[in-house]
Amino acid sequence: MSFNTFGHLFRVTTFGESHGPAIGGVIDGCPPNIRFTLADVQAALDRRRPGQSRFTTQRREPDEVKILSGTLPTEDGGLITTGTPIALLIENVDQRSKDYSEIAASYRPGHADYAYDVKYGIRDHRGGGRSSARETAVRVAAGAIAAKVLSGVTIRGALVGMGEIDIDRDRWDWDEIGRNPFFCPDAEAAGRMENYLDGIRKSGSSVGAVLEVVAEGIPAGLGAPLYGKLDADLAAALMSINAVKGVEIGEGFASARLTGEQNADEMRMGNDGKPIFLANHAGGILGGISTGQPIVVRFAVKPTSSILTPRQTVTRHGENAEIFTKGRHDPCVGIRAVPVGEAMVACVMADHLLRHRGQTGDNTSWPFPR
Amino acid sequence: MSFNTFGHLFRVTTFGESHGPAIGGVIDGCPPNIRFTLADVQAALDRRRPGQSRFTTQRREPDEVKILSGTLPTEDGGLITTGTPIALLIENVDQRSKDYSEIAASYRPGHADYAYDVKYGIRDHRGGGRSSARETAVRVAAGAIAAKVLSGVTIRGALVGMGEIDIDRDRWDWDEIGRNPFFCPDAEAAGRMENYLDGIRKSGSSVGAVLEVVAEGIPAGLGAPLYGKLDADLAAALMSINAVKGVEIGEGFASARLTGEQNADEMRMGNDGKPIFLANHAGGILGGISTGQPIVVRFAVKPTSSILTPRQTVTRHGENAEIFTKGRHDPCVGIRAVPVGEAMVACVMADHLLRHRGQTGDNTSWPFPR
Amino acid sequence: MSFNTFGHLFRVTTFGESHGPAIGGVIDGCPPNIRFTLADVQAALDRRRPGQSRFTTQRREPDEVKILSGTLPTEDGGLITTGTPIALLIENVDQRSKDYSEIAASYRPGHADYAYDVKYGIRDHRGGGRSSARETAVRVAAGAIAAKVLSGVTIRGALVGMGEIDIDRDRWDWDEIGRNPFFCPDAEAAGRMENYLDGIRKSGSSVGAVLEVVAEGIPAGLGAPLYGKLDADLAAALMSINAVKGVEIGEGFASARLTGEQNADEMRMGNDGKPIFLANHAGGILGGISTGQPIVVRFAVKPTSSILTPRQTVTRHGENAEIFTKGRHDPCVGIRAVPVGEAMVACVMADHLLRHRGQTGDNTSWPFPR
Amino acid sequence: MSFNTFGHLFRVTTFGESHGPAIGGVIDGCPPNIRFTLADVQAALDRRRPGQSRFTTQRREPDEVKILSGTLPTEDGGLITTGTPIALLIENVDQRSKDYSEIAASYRPGHADYAYDVKYGIRDHRGGGRSSARETAVRVAAGAIAAKVLSGVTIRGALVGMGEIDIDRDRWDWDEIGRNPFFCPDAEAAGRMENYLDGIRKSGSSVGAVLEVVAEGIPAGLGAPLYGKLDADLAAALMSINAVKGVEIGEGFASARLTGEQNADEMRMGNDGKPIFLANHAGGILGGISTGQPIVVRFAVKPTSSILTPRQTVTRHGENAEIFTKGRHDPCVGIRAVPVGEAMVACVMADHLLRHRGQTGDNTSWPFPR
């Protein structure tokens, strides 16, 4: 991927630092005549917005998105895309004027501070600068528009593990996602997470999480055999989110423990003349191409690096030091990564939909070869 | 990534099917004046070459690479790059003329057969066509040249898990890699794998594997903050290898279980004026940028889909059927993925080296900011 | 080139329509530690700004640029780049609320109206939408930053022909550029252009122009042999400007009339150990690579399509109609294309500088091979 | 454009030097199910092949193309694309073992020798290496396949000027193209060119040419507003051909002399419900998007730089010298550029066809907006 752009036909470029005047982005290549409303985009942003429970950073950002180009107003108060680039702008409001001199001088372990300084020789340290999770708001806004391109497709994410607590997949209920502050589909696990994360939060510590995104309704045929594999682009897209350290498709790492017999998703003819898969170990992708089954992706988010416990570090000037991070932080940054993951999956799918119909001329999937 | 190209400045494009006349590729953007020998490339290919033990497919391919462009001969019998595109050609020799009519008609579960047919409406089914692992030979050849661009860097891969057997990291010995047919760094585990895989092989089954690649000597500063994150490009590159279902960096999925304290790689000043990290949970990458620590990547390879046990499937014509795969296959295709993973890491690192010095003008890393 | 992005390492993406809330863009891949001031960018914009003489559209736009990201303030009131994306924003102020219903319904000959409607099935017709010359303000702002990357390089443009009037190259004086409203380097021709264009303007007509951009101080070695030829990228960049219909390098079309003897730029050794070219028919580029001579590019701008004389056309609904364009327009849109051409050349050169040092590791040119 | 790749969805990468073992390329992204024959490709190559008249280089190259991948044989002896990368290989046969020591040491004026050496510090000087016109054979082969993607489209090129001789457009007859060795559509001018070029050839000199390519049948709607303008991509594609120094669309540079009234292509409704343009000054492109009129592009080719008359130059070692080029050369390299220009136009059009249907989902053009 380019430095700050991803996608091939449906392309998203983002910009902005945590404490600059604004963050934003440009969607290029969006099909024309796609209808959406600002409220659609805002609703997506609100799911990611900080400060909605005690488990996310208390930074207060309205995250109000402005669309500067690429659309026309519709008669019913909505917007319609024109095929030209769509610019998104979100102003930074709550750039609390705190003292950042310490993190300007010392490298926070687990943060990008040192790496940025070595790479660029200069760094906007305020609030993490470009590496702030704040940038993900733009991804969510772009994903909301990508989702409109994918008519008939449902993309939903869930938190399936937090620190030591895993969900029980037998209790999976998508409706639970909206009933707890963790996007957790298992009500019982969500209850335990609440206590667990309160403890983490009060001790000024943090913890990681595993998230899962499922895309249903993706037609068979999207993707490409090798370097343009659907799973390769999904992996890059998810790994590009701050703090993500692992990505897997379908069985993922567990597939290493399976035999060929166990891993084979057998097929039968359905009554509607379409094939039915008897399992989905593949996570909806074979040979880099979608099979028509749900696309299932998981990714791991490391614990927030900003913690209250002092850690050993060095300064810009080559001296040993200790550092701990005051300020507002998510005890589990993975929670808010759920809508971000959904957005990235939506953008990748929209891109591959356009690429597929570009190469093949087909707008729809079909059960069997022409 | 594009359909069949990866990389931004050091770009690799591959072509070829399992049973066509040849496979090959083009490296574009390679720096000039890089010296290498055909023997260097051949040695890398030989590590991946099938038929070297009873645990890999018995297809006999000499995998002799020809270099058609982009180099000049040197006085000592080697080659030197000129900066123009380097074309690699490997002829297919052992395209055994077997009967492929069954897999032409029926979709093998776990294979890309169905997905290809839906996408393209046409498919070269002989030996898997484009989806054959044979394509990875070109990656290995390209990686051997990328490795020459990365002077001072050592990139090594190992198999760290096969089916139910995991290695013991305390017994890790890089020298063991060459002493067993599995690229396994744990001699004791390798012994158990031999018995285990013999059983799998004799029963006509297959099994998955987990591989790890470590790049040492990568200077701090390679990569980019977000969409061009070093880990995003590594994830895409590894996920683009056939049968790979998961990728993780450093602690990877295990980081979800850690606290911020556990995950922080603390720093101290070294005697040489360079910072020392006290741990490497990050796997050598923070904020998408290399830290100067070893880059550590793991990826999961699913079991070979070609198995002797009949599986339920459907035909091109929409009928239920059963299928099993005769022919020559790897009982654990993950084994030969070790040199492929090394090659992909080398290509990504070479690309990011060029990108970094393009943007910043620096040829070297340095311990502290300018 | 992508839809709305150009460049490979120094990448510029633009967005915005004539009558939307704002236009803007994102520069990605800019080197860090480049110092510039808002005043530098504003000065470049002011050269392109409309309403400065009676020969440009009377639309009143302050063209005040805001920089939203990618820089830090310096102690002396300037800015310094951090290596992250630089977002540029220019608000649209004077979107005069005129009646656009006629051009919404009828296709103006010579305009993009019909082509947009066929392509997208929808069109922002107000002020020309995306096809408005207003977009070029963003190019100029980006070019001002690109120019800072190119230390030691001077890039200057001039109008060398307008309608029937050509300059006399023997009278070329760069100082004249700023003394007439045409960026014309020939004072005598500028005087005649003034009368000529007054006539064109008063009759509600328009006329085309030929512009020339010269880049001095470009080191030898930038570019690439074939598809990445410096002249190929220059041609695309200049042709991407509204209303440009032709591009040529050095002798350009005139080279077709030359013999090999006439066209050869002979070389002699200079006293400083560097080669001297005895002519510059090549326009500073041979084989796609800069030679160290000045880069010389010319491009032709067609007459403004908006004219007062009624022209035959058809409506969106398939009826014959007549149309003429009221409103504010440039009688010679080519005049304001001079700073736009300079900006595009600057962006292409900055991109190739980064690409060259990425591939070769060299920061400087040198007179003879290593 | 990348170094050696062009196109966005229909992508062509080429490799190879004049005196290496082979030249070739890879077409990536070609739609599946496109039927063609090797004879189609060969016929295109034969038009470009040297040695067919006394007016082209006497190098004898059969230019026999091999297709290594991406196709399957059809029952009628043809080929059908599978959607995977198509590799093209053309072996170099007549690499006459002449003495190249002089051009290894001295830079030929007008050639890329010096620029290559400065850029790369190394150069394959034999026959011009990568800068040899030999590379264009691959473009022609790729263009032959692109042409098959463009069903219903006719792309034809012609030589419209050679040195001092211009054609008379009133005598334009496409049938004449095949009746003279110059691809000249004006029989009378072709006769004069024969005498003229004989004189040039016998004196060991060379001369430039102007070529025109016309694409008929391109539907309205291909292209994109700004950086992805159809004309921008055409300009880059044609400028990427060796020795090309200028490109223009429609009226091109002549449009600078026109008024808005003269330049407006007025429209009337046709009897079939489609609009008719009353002129084609625009060359079939407005605002970067095709209008449905014929696309008309012209490009200028400079005189062959290899001439018999000694020219002043310098050596690699910084000494003054004289050089003249023995060996086999085209007295007017522009002649053979006709099929190359056609091929580049075909590739650009195929790419934009795929991009257009990718973004908009439309496979066909239509007269009026949806």
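Going in written order, the chains are labelled A, B, C and D, and every chain counts its residues from 1.
One rule holds in what follows: a residue touches a chain if its C-beta (ideal position, glycine included) is under 8 Å from a C-beta of that chain, and two chains touch if they have at least 3 such contacts.
Just so it is clear, the model here is predicted, and its values are computed rather than measured.
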Set of chains adjacent to chain A and to chain D: B, C
Farthest chain relative to chain B (centres taken as mean CA coordinates): C
B-C compared against B-D, more contacting pairs: B-D
Chain A and chain B, separation of their C-alpha mean positions in angstrom: 26
Distance from chain C to chain B - Cα centre to Cα centre, in angstrom: 44
Chain B and chain D: spacing of chain centres that average the CA atoms, whole Å: 38
Numbers and ranges of chain C residues touching at least 2 other chains: 2-5, 8, 14, 29, 32-33, 83-84, 119-123, 130, 225, 359-360, 370
Residues of chain A that touch chain C when the two form their complex: 2-5, 11, 13-17, 20-24, 26, 28-29, 32-33, 66, 68-70, 72, 80-87, 89, 119-124, 129-130
Residue ranges of chain B in contact with chain C within the complex: 8-9, 29-33, 83-84, 225, 354-355, 357-361, 363, 370
In the complex with chain A, residue positions of chain B that touch it: 1-6, 8, 14, 107, 109-112, 114-123, 130-131, 135, 161-164, 200, 205-210, 220-229, 231-240, 242, 244-269, 273, 275, 278, 281-283, 285-292, 300-307, 309, 311-314, 316-320, 334, 356, 359-360, 365-370
